[in-house]
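You will see subunit A twice below: alongside subunit B first, and alongside subunit C after that.
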Partner chain A sequence: MFNIIQKMKPKTRTQHGNKMGKKKLAQDVNPNLQKNLDTLKVVYSYPDNTDFLIRELFISGLNKKAAILFISTITDFKLIDEHIIAPLLNNKDENIPIHNIITIQSIENKHTIQDTMKDINSGNAALFIEGEKQAYSVNVANFEGRGIENPENETVVKGPKESFNEKAFTNISLIRKRLKNENLVIENSVVSQRSNNVVYTLYIKDITSEKLLENVRERLNTLDVDAIQNLSLLEQYIEERKYSLFPTVLYTERPDRAVSFLEDGYIVLLMDNSPDSIVLPATFWSFFHTSEDHYLRFMYGNFTRLLRIFALFITIFTSSIYISVVTFHIEMIPPDLLLAIAASREKVPFPAVIEVLLMEVAFELIREAGLRVPSPIGPTIGIVGALILGQAAVEANIVSPIVVIVVALSGLSSFAVGDISMNFTIRILRFGFILAASVFGIYGMTAVFTLGLFYMISLKSFGVPYLSPLTPKYKSSGDTVFRRVLQHETFRPGYVKPKDITKR
Partner chain B sequence: MGEPKDKIGIKEYIAIALFMIGTKTTDDIPSMLFDSLQNAGWIAPIISGILAILPLFLLLHIAANYQDKSLIDIIYHIFGKFLGFLVLFFLWAIGFFYIVLDTATYTDIISTMYFVKTPAILIYATLMGVCAYGAKRGLEQIGSVSWSVLPYLQVSLFLSLILTIGQGNLGFLFPVFGPGEWDVLKESTMKISLYMDFLYLFMLFPFVKSTKDFKKGTWIAFFLILINLSITMVSYVMLFDYKSVMLLNYPYHETIRSISLGFLTNIETLFFPFWLIASFIKFAAYLYINIMLFGKLFKIEHFEYIMPAFATLIVFLGLLPESPTFAIFDLKAMVGNLASPLFFFLPIIMWTLAKFKGDLRK
Partner chain C sequence: MSKLRTTGKIFIIILLVFILSGCMDQTEVDQLAYVVAIGLGKSEEDDNLVKITYIFANPESGTQAGGSGGDEPPQETISFSATDFITSRSLANAVIAKQVTYDLLRLIIVSEDFAKDEDFIRWIYDATKAMEIRRDIRLLVSQEEPSVFVQNNQPKLDTRPHQYFELMFNRGLNTGTVPPSKLNRFFRITEADANLFLSIYATTELNDDTKENKDPDNIAAGEFEFEGETNNTQFAGSAVFKEGIMIDTLTIEETRLAFLLSNVLQQPDEILTSLPDPFTDEHYLTVRIRRESNVDLKMNLDKTKPSILATIPISIEVMTNHGMTDFTDSEKIRQTLEKSFEDTLTEKFDELIKKTQEKYSTEPFGWSLVARKEFLTIPEWESFDWMKTYPNMEIHTDVRVDLEKFGRQTELPSLDEMRD
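Our next item is the complex of A and B:
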């Protein structure tokens, strides 16, 4: 009995606490100005909280006391001065509504303290007037951020060079600039309870499938967390298989790419504080493609695709093929090459696996460290890394020269796959294949490959099979490993179930 | 999971059929045919193929008449509960026995031709592990995987054939009828069990998108398999001549050992992975169909959960024969002799009974 009471206790307390909190927030605006100010002073810890400001004034024409409340760091001072305070003080007219005094484009009436606070938190100024049962919320928000810059991860030689920045409105404007259509809808929903982070869902009304949209909305609405600062975190909340090696949500910093997905019936998510967008659903191919594949002419674009798929296979398989050939299938190497390899490995005291793993780990370390070093000493680290780990390791007979070639080749090729998530996937997969090759040679590698293929094909991203349209087949423009001539890309991908499948 | 939710398309269905039957040319089936038919071995797939058209046609006719029913339901319907159960159980037992023997053969191929020092049980366990995983994923995944890799495997097979025929001797094919026309006909008839797996494929009937797709797919797969089988067997004779090909247990693997490509003199390891992928998929499909039948027989709805158990059982059963290369060869021939009449006469009996019941409308 006692146990039960103890267990019940914290539960009831939190319930009570929630109720109290809601009551307090849902309080109506009081006609008594001082009472409102007192409530808000407590909520915002007024004198301690240095950037929360209250400007009290007297509206001469109306003969009323008033107060303007705002957070100075996220508002535009000049706007408040010139367009709110000055007109109010200079007013002589007695029967004029507030909306006609203030000269700012957007004013809303708020009836509860809670709503007013929400607006203050997002950069608005709140105007309270003695004797009125409402507050005026004036849009003077001005958040600091950087301007539009070049994309850093998805660079192209040919094509637009704008990238998203941390302001959602700028990003939406970049998208609207490319897609001038009234059917582009931008919904917003608050996804976190405490920080009130807003996610903007973008889609084209007469193309995007209702079912897909419902699926995304549901996932966004069922989130129950205090804060989701940006899209990179949101991605991990809404994806299906959290432990999977393969990414199922595409992440792009290029507005042109996001727009081309929107035009195909995909859904794009944007958020403040994220210099990128999320594209849903994603298939394996969307990670493999880049926007430049389509900007380059047919032959050139497909040539880069060919190189990329080649690089993908080299990254995953070279090291493991080297190990399995050297340890299990020596007969397949032509005799002269075999002798050369044998001679170079003669002095190395390790089995091939250890040798390759040493170099692979070293390469990954250089790569990771290279990302984190302060930029002034970056080049030095590169030279030291390459020299010491390449040249010196060979001279010290720790690795054979051919392993340096193999590892460098697979390491360099991994950069050809631009998408960060897919890049990680293939880098980790490589180690799986190395281990399989060291145990069972080609047999082990094929076993792991088949397992991986079965796994990959069973993956789904928001109900879309991972390898579609390759298999299962859907009506689409067939943009998989290679792309077609633009005039022949006449269908939207059928797997996202667009309302209108033909592109004209 | 249980039964598949989405249906598979015609491409996936053809790919599965090709993997289940087409891969037979790369194991010890050719040597079984060469054993009795000498250099006329390559005619056997054609003659038994022509014979197999009749049961296939009847099966398709029956299946099209009972829309949305799989072969399992049709057999229950035609034979009644008790007799139907017996027929299906017999089919399942033959299928299961065949999987055990076939996986043992493939393990033997890998361990005698490629990994001589590795213990057979490890090779076997890996093989069945991958297959069980694939089978557990379900039919759609097996179909999709089959279709996505099929073009590459087919290219690799044809590359090896082109190289073989280039180095072979056309004269080895003559006399065309080897031991004599009558013998060829008689022995080929006995080998109709080559196409026995189509009987099992009919259990997938309700899971293929449309009846038309299934019909078309079955015929396309059938002719592709027929062509694949005979061309590969022709190339074996051309490369080795009949005396030595009769001695070889796994002619495909001897073939890829004997051919060379430019400066590469040993290229078997180039073809080996492709063949392995084909085998993994083949047994995943076999296992799936077999366990699905088992699940239907004993009313196990989520039959995918018993796959690991069966895979383990298969490993231990398959390891029982002491000298697999010979013991399994003989056992397989025995199962073949049992399966051939079953495959030929079961559809005829079914068709007659269905006709008798008045279910067949023209």
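Our next item is the complex of A and C:
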């Protein structure tokens, strides 16, 4: 244990390297324009670096030389042209501050070269003026990205169909659109040393527990890496048990879902380049639920929940029950079915376990390969995989037809659990149960199930027990396997320790 | 390094569990030979041997699954002598290719000859020892040797043996022609030593000495005459066991009456029979008899003069009316009808009860279970000795008939007007 901690600690190399860099660049803006330009040209490898541009100009009226520096690929050309260059060139006034010439909403004064660079890197234009000990950072950033599209993984029939995209500001906007409240706070923190990736922490000030917030902040601030490109990677940096089979961080691409969690006192993380958000903390139930459960009317929503919990158990248990019943508990099967199974297995050369494993692996292969197949030939592969393979395997007496049914049923049911992480969890768990069943029958399955429950109860996500509010019991709206009528969901979940537990 | 070592240890322990446990109970379904019925008969050679007959179900018959079973027969039978039906499992493997299992066992067939032997009970109790034999399997007594029974029993349509027997028994129970005859009940009744056990009675051979013009209900297995092309096996009536030995048989009618008198046996759905029409002499009325609720037994069990009053609530639906009397018009006619039914039934019940008292000296209705409750302690009950006192009891039956429908259409044309 201590070994691991010590291994993680020594990061002196990068820290040292950063210090060196800081020393070199943490210099003040020089009144001499040319000197500033020279420094920056070296830093940005001008002119080798083709999208780093310098526009030098003469501000009439003020009678000063000036230079605008920006990275062309992440700035809006038109803005620079119309709102910076044109006003500067056309200026006739002699005594006017630069703020009053440039017609762009946001201008900041920067006193060090390093600060200025940071802004240039994030799409601002820097304006240096001869004789001034400061630079003006003008916000003209324009990163390319896609627009708001439909969610792809968490589709719903009834309810909003917007999903997050790769721009954090768009995502924040989507959240603000749903939560028009001054208490929604968006903190940002830089989590990587070299790529300067920014994580936005969203929470509602008068609901979210201070302790939880502190926990999240601390984990974000103690990260010591060069780059974390997006939330999928960040998730793996901040989760507690990295080898655990169960996910402890919820990942959603639906702004409405993120907002409903925010309203309950959870914390949402956003990042550029991630068409998703991370919700902290997460319980088993948050992976089990979908947003549509609440959009559908009470009966319909609970019906889908019932189907889903049913599907969950089918996925985990059908194959293993088949194996254990066929190899250990023959007397459990009704005679007709037993004879049918025996008849279909008569010509199969493998024991039941191998047979099932064979088909399960084949199914997983079809699934994984199907994901990577280029879309034009997707359907063809699907037919080959599902129809030909299943049919031919039966006719060649490699597997019995009942195994095809069992595997297809469990495979199909696994899709009912929408969350990708939980989906993987139950798919992998299934194999554990198959092995247990093949060695000890139902007894083995029960043992593994019990152990699994023990483990799930021991899990925590940011201090919150994994199965709460079911066990341990917390004050909440009881949104677990089933949900209540909306009017009866009067409490925020107690396990996130919200400052205000009653919903009105 | 230490971490690696612990992981290694854990891995080895888990591996050991797999190796040492060794999948000992594991059996693949396709490597078993499923015995559907065991036959027990007397061995000709030795008193210590029994003749074992097996019916094996062939899983491949009648299935449509991929790679169909071809023209294999639905069942395989084998008969041989063995010391008991537990050792016979491995003996059978001299002929049968797969491991013999009793997982699918549905019935035990006993020859009448063997069932009447006082040693029969020694062999049947082997069934309590074997792990796989369930207590809900049925006991069947066949007139002939089981080996003959099994050979002659060739159902034409429901060829799969387990299905054939299951269907046959269920139908028999629904119509009340055969008793439930579960093995567990056999053991319970034999050990309680107070009642008679009724077992299913069957045969594949027709009796030659069948009397002409016999009442069609008053027959037992082998006496039902039919023509046509079907299986010759008949399941009808019951074999009576007293203290683990078969002593007599009951006809279909007697079996049905026993059902109606018993609170223990599950009631048949429809007993269809014919009762005399009180208004004409030459015609019978077809009726459907159901018991409305449990028999009400009033017992007075003092040692000197014990008596029982059994009130039997019966509802009767008249299905045919060949006498063409209009029952619906007059309350009086219906009362006469009810009275007539009550008299007929009371007479039949009394006759059966008398038979049990005189011939068997105990009853198959499970009344002793009710009688037990009249005693405060078991020793009191034991000293009462049901089997001794039953023959001398004064037993009255009170049949309460409740008329139901008179068929779908109640009215019939008046014959006099029609033939006018």
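The rule is simple: the second predicted complex is superposed on the first by the 485 of 504 C-alpha atoms of A that agree within 3 Å, B and C clash if a C-alpha of one lies under 4 Å from a C-alpha of the other, contacts with A are read in each partner's own complex, and residues count from 1 in each chain.
FYI, a residue touches a chain if its C-beta (ideal position, glycine included) is under 8 Å from a C-beta of that chain, and two chains touch if they have at least 3 such contacts.
Only a predicted model underlies this, so the values are computations on that prediction, with no experimental measurement involved.
Q: Quick check for you: in the superposed arrangement, does A:Pro281 touch first (subunit B), second (subunit C), both or neither?
A: Once the two structures are laid over each other on A, A:Pro281 reaches no partner at all.
Q: Of the partners subunit B and subunit C, which touch A:Glu331 in the superposed model: first, second, both, neither?
A: Both partners, subunit B and subunit C.
Q: Once the structures are superposed on A, label A:Gly411 by its partner contacts, choosing first (subunit B), second (subunit C), both or neither.
A: neither
Q: Would you check which partner chain A:Arg345 touches, where first means subunit B only, second means subunit C only, and both and neither mean what they say?
A: Touch partner of A:Arg345: subunit C, not subunit B.
Q: Looking at the overlay, does A:Pro255 come into contact with subunit B only (first), subunit C only (second), both, or neither?
A: It touches nothing on subunit B or subunit C.
Q: State whether A:Val394 touches subunit B only (first), subunit C only (second), both chains, or neither.
A: Touch status of A:Val394: second partner only.
Q: Of the partners subunit B and subunit C, which touch A:Gly301 in the superposed model: first, second, both, neither?
A: So A:Gly301 meets neither subunit B nor subunit C here.
Q: Contact-wise, after the overlay, does A:Phe454 reach subunit B, subunit C, both or neither (first, second, both, neither)?
A: A:Phe454: touches subunit B, not subunit C.
Q: Identify the residues of subunit A that lie in both the subunit B contact region and the subunit C contact region.
A: Overlap of subunit B and subunit C footprints on subunit A: residues 328, 331, 440-441.
Q: Could you please specify the touching residues of subunit B with respect to subunit A in the complex?
A: Touch list, subunit B to subunit A: 6, 8-9, 11-12, 110, 114-115, 118, 122-123, 126-127, 129-130, 133-134, 137-138, 140-145, 147-149, 263-270, 272-273, 276-277, 280-281, 284.
Q: Across the complex, what residues on subunit C touch subunit A?
A: So the residues of subunit C in touch with subunit A come to 3, 18, 21, 23, 25-30, 32, 34, 57, 59-61, 63, 65-67, 69, 101, 103-104, 106, 132, 134, 160, 162-163, 166.
Q: Please give the residue numbers of subunit A that touch subunit B in the complex, ascending.
A: Listed in rising order, the residues of subunit A that touch subunit B are 325, 328-329, 331-332, 334, 440-447, 449-451, 453-455, 457-458, 465, 467, 470-473.
Q: Can you list the subunit A residues touching subunit C in their complex?
A: Subunit A residues touching subunit C: 3, 326-328, 330-331, 335-336, 338-348, 351-352, 394-395, 397, 400-401, 438-441.
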